[in-house]
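What follows is a single structure, written as structure tokens, with notes after it.
Lettered A, B, C and D in written order, each chain numbered from 1.
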């Protein structure tokens, strides 16, 4: 398969606001369940081990007309909860048996309660994670929470989740994360061969496809992209940060590229590479998940950083590792976690001499001219002056 | 010798300049502005460009590099495109070599740009979407008050008790203004009020880019509005920011100038590279 | 969200208060208490005392007292600056320094104050804290807030993570997690910072004191069930919760304050009097409302006046529950000190899930025989605001009583549009009135 | 005759309704809201009084034998003639003001030329005036400001060029003068104008099918009926600035609710899209408001948005709807920020979209916003009444009907040609009720 075939498949999945793939997956065998989850992290292995399909719900993008969703949210709240409510109210999620709401911000947290009221037939659950990173304190808490969730999912799917199937699921996701990391590394090494708009779609596909299928797709893409010859442009290498929840419209990602930027790292959909290393397979799988969460997971603004001296280093690290020349802070309007984190990260970057710019978007932003202009100027100035 | 053109396609007007660059020496050949006023900007830009050439007695073939900026990316006769802030920064340094910050105020957006002595953009800040502090808004209000564009500045400077507009939204701000008229607030006080509200925003932009001192050059169409300039100066003084805000009579051309000069820079560089390749 | 104005706010700048409000002994008392705490803060460094900064919802005041730490509450500073109309500039200052326009204005008011030399609302410097006690309940912004402060102060920071009641109940796991954090993290850190050894009996003593005051607070809030209500449970309520939500819970001063308050309310109740407002006593109670959401502090008095002018009394509010839901029965318990602190943190209003919050409001509407619900939606606070429109619908559906929605902000004057708010309130009251008349006609025709 | 008046001082237009004791509408008047609210309400009231006279004429003529089948034509002729008369008078006033204003530094040395140019412009305007009011003629707007303004600009452009004065200068004189003219209170001699209009009609050889004497007598008789202002109630966006005491003011929500109920007693849901706000109101079977929602402080997607779009394209508000109806597809528009309406439009045009399709998208965007507010207020119940200025726009109505059907199923949708007066109608009804309930006294 060529990259364009794969991308076409991904585009189809991306544009499908009726979730036909998941519907068909569910219909294929009686008793199958689908469990939706919102950004940025949930333990997908647990859902998988329960025999259900984990399905990422990432808002409505720029193609969904939001009518009822706006009736639930004031204008100063970001877009993703309203388009998600729209998806629910219009029956597009009627086949979903459970919804998990991660502990990312007050908006999604409250949405978990709204879902209970609006869709009483769906299992809606808030997934809390510890902000204390000691094994005996936060770890213990998280182990218990995960076990609780494991029980609930088991009940939903009609069979308890045993350790063996959980280990199996962890192994599948370990493999998937390995491939995801590989795609990211490939793009960082040769961004002209793996344009970000494509990589983005590829990762989005992972939100809806069964994990085995997605892993296969990642492998095929890597192979195809490596083989294809694409022109290399004189673009500036940048890292995008702040977009871990509500997703920017695809046209925005394209605009940034068009304006002369190669995106070499980003924080879109962190869930697919949340655990930075393999989750161990030996021993208590729940404890392994918890420990990986505590000590080996991605940093993002929804997670507390106990150590002041380490604050923001994850971003500097990404810049160094990916040989980026600058950072674009790109956050959804009204996103408290991203916007409050921003000044702290900027101070750290400034201290390390990394240039940056910042702007906001909404999942349905239409006007790209200001974006092109800012990204373009940023690229211009790095380019025109780096040699001078 | 390099002949370059800069075409700045704006929402309010199109600015076209022609330059002759020889070594470090630049010679400004032609300048012109054409108000868009409900015409197709791209067609207008092409016309304007041809007329500029005619004024200079040149033909399209004589120009070595046509650089566009603003919304001119899709003009078919351009050699290269530079983004607005890149060009305004360069243009500002051309007009006012001591400038270390640029305040570009056009029909829809305001931008503060910090630059170094060579016209490099260091940081910038743009107004966000909601904007009553835009040229378009001022233009509408002026029309409502029956004031000509070139009179705005003079009237504003006669204000004795300016009244600021409150809203963030231009539509609601318009209502504010209507309310003011009904309360018999004079046109100078209203205009000055708007100028002050705009200056507040712009000053905030300037402060967020940080580290400015020395001269700030206003560029874009509103640089011609000496009422805004005066309000800006007052605001900076009130806020105790030790900078000199100035405008240049050719400020409106900053973008076009910057484009033309960057064009010349690229042209010479490309020529050098070609020469290298040929050798 | 959060917290409380506390009476120091009462003597607002002279210009804003043309008519001096009636002063009751409890008000005088509270004013002294607040002034006393600011005095302690201002002199802390000179007196060699250590300072802790912490938040209002889920605050551990009794525990802080065990270590002889002076308690500084950034939210209260923001409120006081709001009431004094200083917050606007502070917020702009923070925005100039890179904070986004979109985020919580409490944080920005605080950061703005810090940027401008950390001069407190009373005009005296606020000392740098020796420890940031990040006990964070009901809102994620708190976490970022203290990370931002930590960046500036570079001081010791200790976090108490309070899980959210996602399923509407407190589980053993949550309680144990909090207690463990207190034991393993919070207490050792506070011991280290203060040099004072933790004494659980001291804590028990404070908790006993807290429970006394809590009893009288609940009595006061519930006095609004009478008709006419002797108190306003929103605007007035903001003052009533002052001591107990802040640096005074667990002190004899607080107990004394609530004793005085209870006496005064009892007197008004006996005399059949309405609430005292800055405009004078409200003589005719025309509308009884339940209010969800924090107030606006920058135009506090004007806002209150809009209610006063229409004869509207707030008989119950959720804001007076952000620092503890005592009216639902919770009391600090000296017999289970750490567990009771955990329980307290978990139960604060915005840490309850949305269905739970709706149940509370429904209960208030019924028990306080209110005419309707008013939601004051706060731009700053997603913790409160996200979901309020659904709450509004649910309440209307369940009670059949009309609800209205207004939008303002806590301390950002740019988001308080008097004309807009007044328009909506007026329309709402006229609607309630018209409905009542319609209903009156129907009722008269039926039985009466 | 006792009359009860409701005035709705909107952000873009001011409306007045005059009602008699039996709650029959006698007259309606509208004008654009302007800087002087007092004048705006006076003009609206004045217009309502004019309209009331026509009602009285109609009543009186109906009594004359033999006119029944010509009544409509007769009144239409009379009205056109009257409007022309009014237009010419206002034009005269505008010309005088313009000439007075063509002074000062900017005109130094050009006074004469300017004056001549202005005279030439106005001569043309006067000349084309009768055609504007000819039977079947379409006008760009009903407001003097708009009609005179657009013609002035069209005529001044070439004259500005040939006279060497420049278009901007003449436009500026106009801008200055039109506000002055608008803010003058309406002149008193209404009856004279009626009689002159009638004269013009008769002199023009119109055959009214009735003896001229009878016509004159009937008109005079109707003019002699005294219309007493018994009670006034004000409402609308600008109501707080009306010089009325509190008893004379009602919230616009209640007025719209009641007004819609009076027009269509079956109304349960009302949508009003005005210049700066969108309101969704639920009413009970007695017209009592049960719930309402309004847009928040952002003015996106309201009537003024269409105004900006029309200005940007240099066409009349009336023409937007029909243009959108020509669309073959609808372009997705996500931002309805009024300020950036022009930018959005240019953006799309630059992408090669057709004007008609963009227009369709813009209308859909506005209605989508309204649908959200409706949803917030509790949905769309049967019957559904759509009011406010935007209800006049057929493309908006089409989108609304489509979306209501998709989201709520079949609903009766009421749109009254006089829907823009809904608020004023409700206010007038409140005015009538106040007197019933024992209130007395005029305004202020």
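Everything below uses one rule, namely that contacts are C-beta pairs under 8 Å (C-beta built on N, C-alpha and C of every residue); 3 or more make two chains touch, one makes a residue touch a chain.
Quick caveat, the model's predicted, so the values are computed rather than measured.
The two chains most heavily joined by C-beta contacts are A-C.
The mean-CA centres of subunit C and subunit D are about 49 angstrom from one another, to the nearest whole unit.
Centroids of subunit A and subunit B (each the mean of its C-alpha atoms) stand 40 Å apart. For subunit A, the set of residues touching two or more other chains reads 71-72, 74, 360, 369. Along subunit D, residues 296-298, 335, 340, 343, 376 each make contact with two or more other chains. Taken residue by residue, subunit C touches two or more other chains at 97-98, 389, 407, whereas all remaining positions touch fewer.
Arrangement of the chains shown, judged by which pairs touch: all-to-all, with no pair of chains left without contact. Within the complex, the subunit B residues that touch subunit A are 71, 73, 82-86, 109, 118, 120-121, 123-124, 126, 128, 262. The touching residues of subunit D, counted against subunit B in their complex, run 11, 33-37, 106, 168-169, 172, 175-179, 241, 276, 297-299, 302, 304, 312-314, 335, 337-340, 342-343, 346, 349-350.
Looking at the complex, you find that subunit D touches subunit A at residues 296, 298, 332-335, 340, 343-344, 347, 368-369, 371-373, 375-376, 403, 407. Remark: subunit A residues 71-74, 76-77, 81, 101, 103-107, 109-114, 116-118, 125-128, 130-132, 134, 136-138, 140-141, 144-145, 148, 301-302, 304-306, 308, 311, 331, 333-337, 339-344, 346-347, 360 touch subunit C in the complex. Within the complex formed with subunit D, the residues of subunit C that make contact are 389, 393, 396, 402-403, 405, 407, 417, 419-420, 422-424, 426-427, 430-431, 434-435, 438.
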